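Just dropping this structure here.
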Amino acid sequence: MSQSSVTGAYHDKLTPEDHIEILNQLYLARYFDVRLSKEKRKGRLTGTLYSSFNQEAIIVGSLFGLKPTDWISPIHRDVPAFFLKDCRAGWRNEDRMGMSIKQVCAQVWGKVDSPGRARDNWSHIGSKSKCIIHSTSMLAGTIPVAAGVVYADRLDGGDAVVLTYNGEGSTAQGVFHEAINFAAVHKLPVITIIENNQWAFGTPIELEVPTKDVADRAKGYGIPGLIADGQDVLDVYDKVMQAVDWARSGKGPSIVECKTYRAYGHGDHDDDRAAKYRSKEEVKQGRSRDPIRIYKQLLVEKGILSAKDAKKHAAEGKGAMEITDQDFPPVVVDYMTEGVEFAIKSNLPEPEEGGKWVFRGDA
Amino acid sequence: MANAPKTAERTTKNYLTALREAHFEEMERNPDMICLGEDIGILGGAFTITDGLQAKYGKDRVVDMPISEAAIVGVGCGAALNGKTVVCEMQFIDFISCGFDQIVNMTATYHYRTAGEVAIPMVIRGPAGAYGGGALYHSQMNEAWFAHSPGLKVVCPSSPTDAKGLLKSAIRDPNPVIFYEIKQLYRDRKIEEDLLSGDDALVPLGKAKVVREGADVTLVTYGQSVWHCMEAAANLEQEGYSAEVIDIRTLVPLDSETIIESLRKTNRIVAVNEAPMTCGFAGEILARISQDAFELLDAPPMRVTRMDTPVPWVEPLELFVLPSPAKITEAALRVCKF
Amino acid sequence: MSQSSVTGAYHDKLTPEDHIEILNQLYLARYFDVRLSKEKRKGRLTGTLYSSFNQEAIIVGSLFGLKPTDWISPIHRDVPAFFLKDCRAGWRNEDRMGMSIKQVCAQVWGKVDSPGRARDNWSHIGSKSKCIIHSTSMLAGTIPVAAGVVYADRLDGGDAVVLTYNGEGSTAQGVFHEAINFAAVHKLPVITIIENNQWAFGTPIELEVPTKDVADRAKGYGIPGLIADGQDVLDVYDKVMQAVDWARSGKGPSIVECKTYRAYGHGDHDDDRAAKYRSKEEVKQGRSRDPIRIYKQLLVEKGILSAKDAKKHAAEGKGAMEITDQDFPPVVVDYMTEGVEFAIKSNLPEPEEGGKWVFRGDA
Amino acid sequence: MANAPKTAERTTKNYLTALREAHFEEMERNPDMICLGEDIGILGGAFTITDGLQAKYGKDRVVDMPISEAAIVGVGCGAALNGKTVVCEMQFIDFISCGFDQIVNMTATYHYRTAGEVAIPMVIRGPAGAYGGGALYHSQMNEAWFAHSPGLKVVCPSSPTDAKGLLKSAIRDPNPVIFYEIKQLYRDRKIEEDLLSGDDALVPLGKAKVVREGADVTLVTYGQSVWHCMEAAANLEQEGYSAEVIDIRTLVPLDSETIIESLRKTNRIVAVNEAPMTCGFAGEILARISQDAFELLDAPPMRVTRMDTPVPWVEPLELFVLPSPAKITEAALRVCKF
């Protein structure tokens, strides 16, 4: 029996092709994560990695129903969002409203072909033309910016919505409150996705959030606070699409809490310590509902995936280190590999670029 | 600058009116311009600078924001990212501290970290300055925080003509600009001027202005202190010294050339700022001059600033810690007699 | 028939003497306000006045049930709170845990006998020994400080609660959220009083707060959000005491919204403009329920005040300018007059004080 | 400073351990001391500085705060007002911008605006500095913002002995102190030292330190740049110039005397800071020296700083904008050859 809680609504309209695409996107998100860890272990990559392992359904499910011209602002744990945005338009389609895997890998490797020319690190990239907001490190800091983006869009007669991604811990920031309060007053199409993975670095949710559900924050603004099973890509899809339609129809902002669990350390530098501050049982439990397994079971039940095909690749239910390339469809491995090879070949920016672009109008 | 002929036909205008005209003219010129701030719409601003602006351009372009400085700046940044030209009002510039992160880390760096992809045409403006009994939180000149934060231009006019012309230029500038208005000058009749309009009224950013010519000592400053320096210059005249007074008008980018040009004549400098001394902008001027124009200096470069204290409330305390014409005169005499 | 909504609870335990004291405190709060306007009109006083006219029941009702060692942090519209705190211990009692009217008037007049020696203006005073927190101008800025004060008190085994006063507009500040979130996580005895007078300077509540009731902000933290009739001193007293007992018993923070209406301009400098941005009808309606009248009616019904005595003084239902000293009990006029005369006689601080006390350990 | 004899018995300790020892010793000494910060308890801090502190002193005294910098500072201020000695950790000093108003307007001014009634014994500390690929938001040195905000002391140690001794003194100081830890030095083995404990370990605030004696030029700085200046001094040696290196250690209050003392010998100065140039602390040093010690200067006072840019991420960009031993050497040679 499927563990999926979903029983209809938006996802009913998805075609079998959509479902296969979603499955492949889940594979791609996970492979991106696994591949980077391996590249780093091989010494081909430096810098901290913030894993979205076990949280892929949130990224894939939240993005799948967006219009190409909708905006997003991903944070440190959402790097796959940069290339998954508008992936439906064709992974290698240069014109789609998302980044290519090459661009994202060039950013991860800190090369000049990164959209940000490697001026700021990790997830701090974006693209105005692709409707992706560039974040800083300061958590929740992009929410007011997102509100401003759609405020301007609405003035211009647009109907774009914006999804901002935030961890549960980030909801304690003052600017989270100021931005959502403003969005609620003006009924702006700002959807705040909360990736509630129970931990903020080394601090458990009880010390960050006083309510059982983070979605309760919505009550303070009189806006919808939806709760999705973050391990169930279709439940995420349904809840986010409810919020999207609500927003696009002018009813205003909402918060969508996606309950999940952080599979590894806060960053890979924290893996060893995380193994101490979180009990084995807790981690085992938190990782027991693999979003890929749950989704494949559902597809088999729906008859969209044959039991045989379902077994072909088994990226689910294993740790990042046990997984091999064989556990992923070739399309996924190939696409990511293109990105990696491109990034490694790409050059570092010229030193002089460090002095450029402080002001528009300068060199 | 305040000596335009007064005749029946011509009517001079004050600093506040100049700022209001800049708002109306730029809103008219640029349909993508919006204003965000507390009480700027229905009320027309705490000081009436935006009086009538919402009535004319509507609630969507002149937005009464919640008391949320971080959101005012952040929302403005997002709107600018998405094609708008944004003017954010801080009801008093003192409250800019509540939106600090969104200014220095989000807005100021946007163009830099996107390698020039995204410019943020935004002005953050508000009433600033002491000498009015405004106490700690309605008297600040905190321009040095922003002069020290790369990616921000910093402007501070001392006359109606500059207030209008620099604000218009700041609004048209593709970069974020922190704009300091001297509230004690808002309604100062002594400095009223005839104002130009449209493009004729523009005053370029990054150009200092020699407001008084002199040969013995150069007084360099901006804002309210310009008038204190003019008074000091008059005092110095009595003592037989002729002071040149330079209003830098734009702190970032700084027009050092005009200062150095003046030093070629005077070989003496006193820099003045109303803000605390340590890491204030007067100190920045001294640092640049002593490094770049060392050989031009015949006397120690000096600064007159607020003591390193907050601005206290009641007059005797306030005047004790702030620069004054007397203090500037005294410093200038010391370098002149050096 | 009394307009009081109150039907029992805490205020039942109040004695007739308590009721008369409360009435006199209401008179005192109003007289303070009226007297200052008159002093200013006479040119004996400069500086902006932020009137609490028509909002007196919130200050008196919220303070009346506190222990002397409880803390408060009043803001610009709560200046009477500085001397009303622990007034029950005797107005002229030097040892009571509140300021004397002389000290508060010395502050209003900007004289050296102010508790802050006139270094910061208006309501920005406090007293550690009297358990009053010193605020800055930055709205909501004292809430985290208040949380820290009671956090320390609890560490030391104390049972103090803290009342912070805020306008409805101030609840949009980020630090409001950060502080209450922290207080809720740690179940700290922080009571946030919201004086909802419908306007924030020239901005109506709809543009500041997205919900009908400001008390709804509490739902975001899972804490009680009580609503009091701000014109009814006993209702304020009851709701605040509910929050106080809740807090003192370790159950945590709460928000108490007191619904009222700002009788005049934001400050006296705004009186003329306020008459334009608010309709006559609205103002008339907003001032129709005078807290002094409502309370006197109740006391007459209770037989605590004779109809004759009730008529003796008529500070209610009039504008500040129509009211005369005869409309107040002599005890009130005399006490305030002492403060005014003292303040006018008090000296300005010496100029040199401007350079002092930047650091502890300096001159 | 890093040349303590290494023998079997004695074990040298790094900068990070020094900071940890300061925490444990002061927590032990003062039962009213508490620590507030993100991930400082259960985790023991992002860099393990508070490792074991909560286990030993409990959840109430070592508090894992929500991600709320304004509340961390504001709650700390309130606790200090009510009798506690408070150490607030910013996980990275860059995030201090999110608590800015509570620092500069609430905490810094408390003693001043209460006419000395209320002191706020509080330290706000955190990892700072570039040269590690931390990019815009994990590399900042933003000390000038606070040096310009009256009521705050500002400290930045460059060695384990100073890290421990200055932190202990900062914790005991009755005033708010912003304490900059150089994260690139946390585990630098080259600078390990033997550490004293208890009161013997105290290093007073407000006293600069001559870390290298020289006769031809004075290099004045703090933090990571101290080591760059030492390297530059070695380079200068090759060129036949002897450089004196001064680590000011405390920016506010500044020990100008030690700098001027040195200038009496060298008559030449280069000031260095890692932060942007404009209104940075190196500029403050030049301003003070050129005003107060003008006659001692035989060459232009120079500064070497970060360009007026944010700190970019990848190494070639980062090193391009930051000070380096080579850039300092070059500047020093110019003043020496002037």
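The letters A, B, C and D name the chains in turn, as written, and every chain counts its residues from 1.
As a working rule, a residue touches a chain if its C-beta (ideal position, glycine included) is under 8 Å from a C-beta of that chain, and two chains touch if they have at least 3 such contacts.
Worth saying up front: this structure is predicted, and the values here are computed from it rather than measured.
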item	value
Each chain counted as touching chain C and chain D at once	A, B
Label of the chain whose CA centroid is most distant from the centroid of chain D	C
Centroid distance [mean C-alpha coordinates] between chain C and chain B, Å	38
Chain centre separation (chain B, chain D; CA means) in Å	32
Chain A and chain B: spacing of chain centres that average the CA atoms, whole Å	43
Multi-partner residues of chain D (at least 2 other chains)	65-66, 68, 70-71, 94, 97-98, 101, 105, 109, 112-113, 136-137, 150-151, 308-309, 312
Contacts with two or more other chains, residues of chain A listed in rising order	119-120, 124, 136-138, 172-175, 178, 181-182, 185, 207-209, 353, 358
Partner chain B, residues of chain C touching it in the complex	46-47, 110, 118-121, 124, 136-139, 169-170, 172-175, 200-204, 207-209, 273, 277, 348-355, 358
Complex contact set, residues of chain A against chain C	172-178, 181-182, 184-185, 206-212, 216-223
Of all residues in chain B, those that touch chain C in their complex	38-39, 41-44, 46, 64-68, 70-71, 92, 94-95, 97-98, 133-138, 307-310, 312-321
In the complex, chain D residues that touch chain B	94, 97-98, 100-101, 104-105, 109, 112-113, 136-137, 144-145, 147-151, 252, 254, 275-276, 278-284, 286-288, 290-292, 294-295, 297, 299-303, 308-310, 312
Residue numbers on chain C that touch chain D, as the complex places them	115-117, 119-120, 124, 126-128, 133-134, 136-138, 141-153, 155-156, 174-175, 178-179, 181-182, 185, 353, 356-361
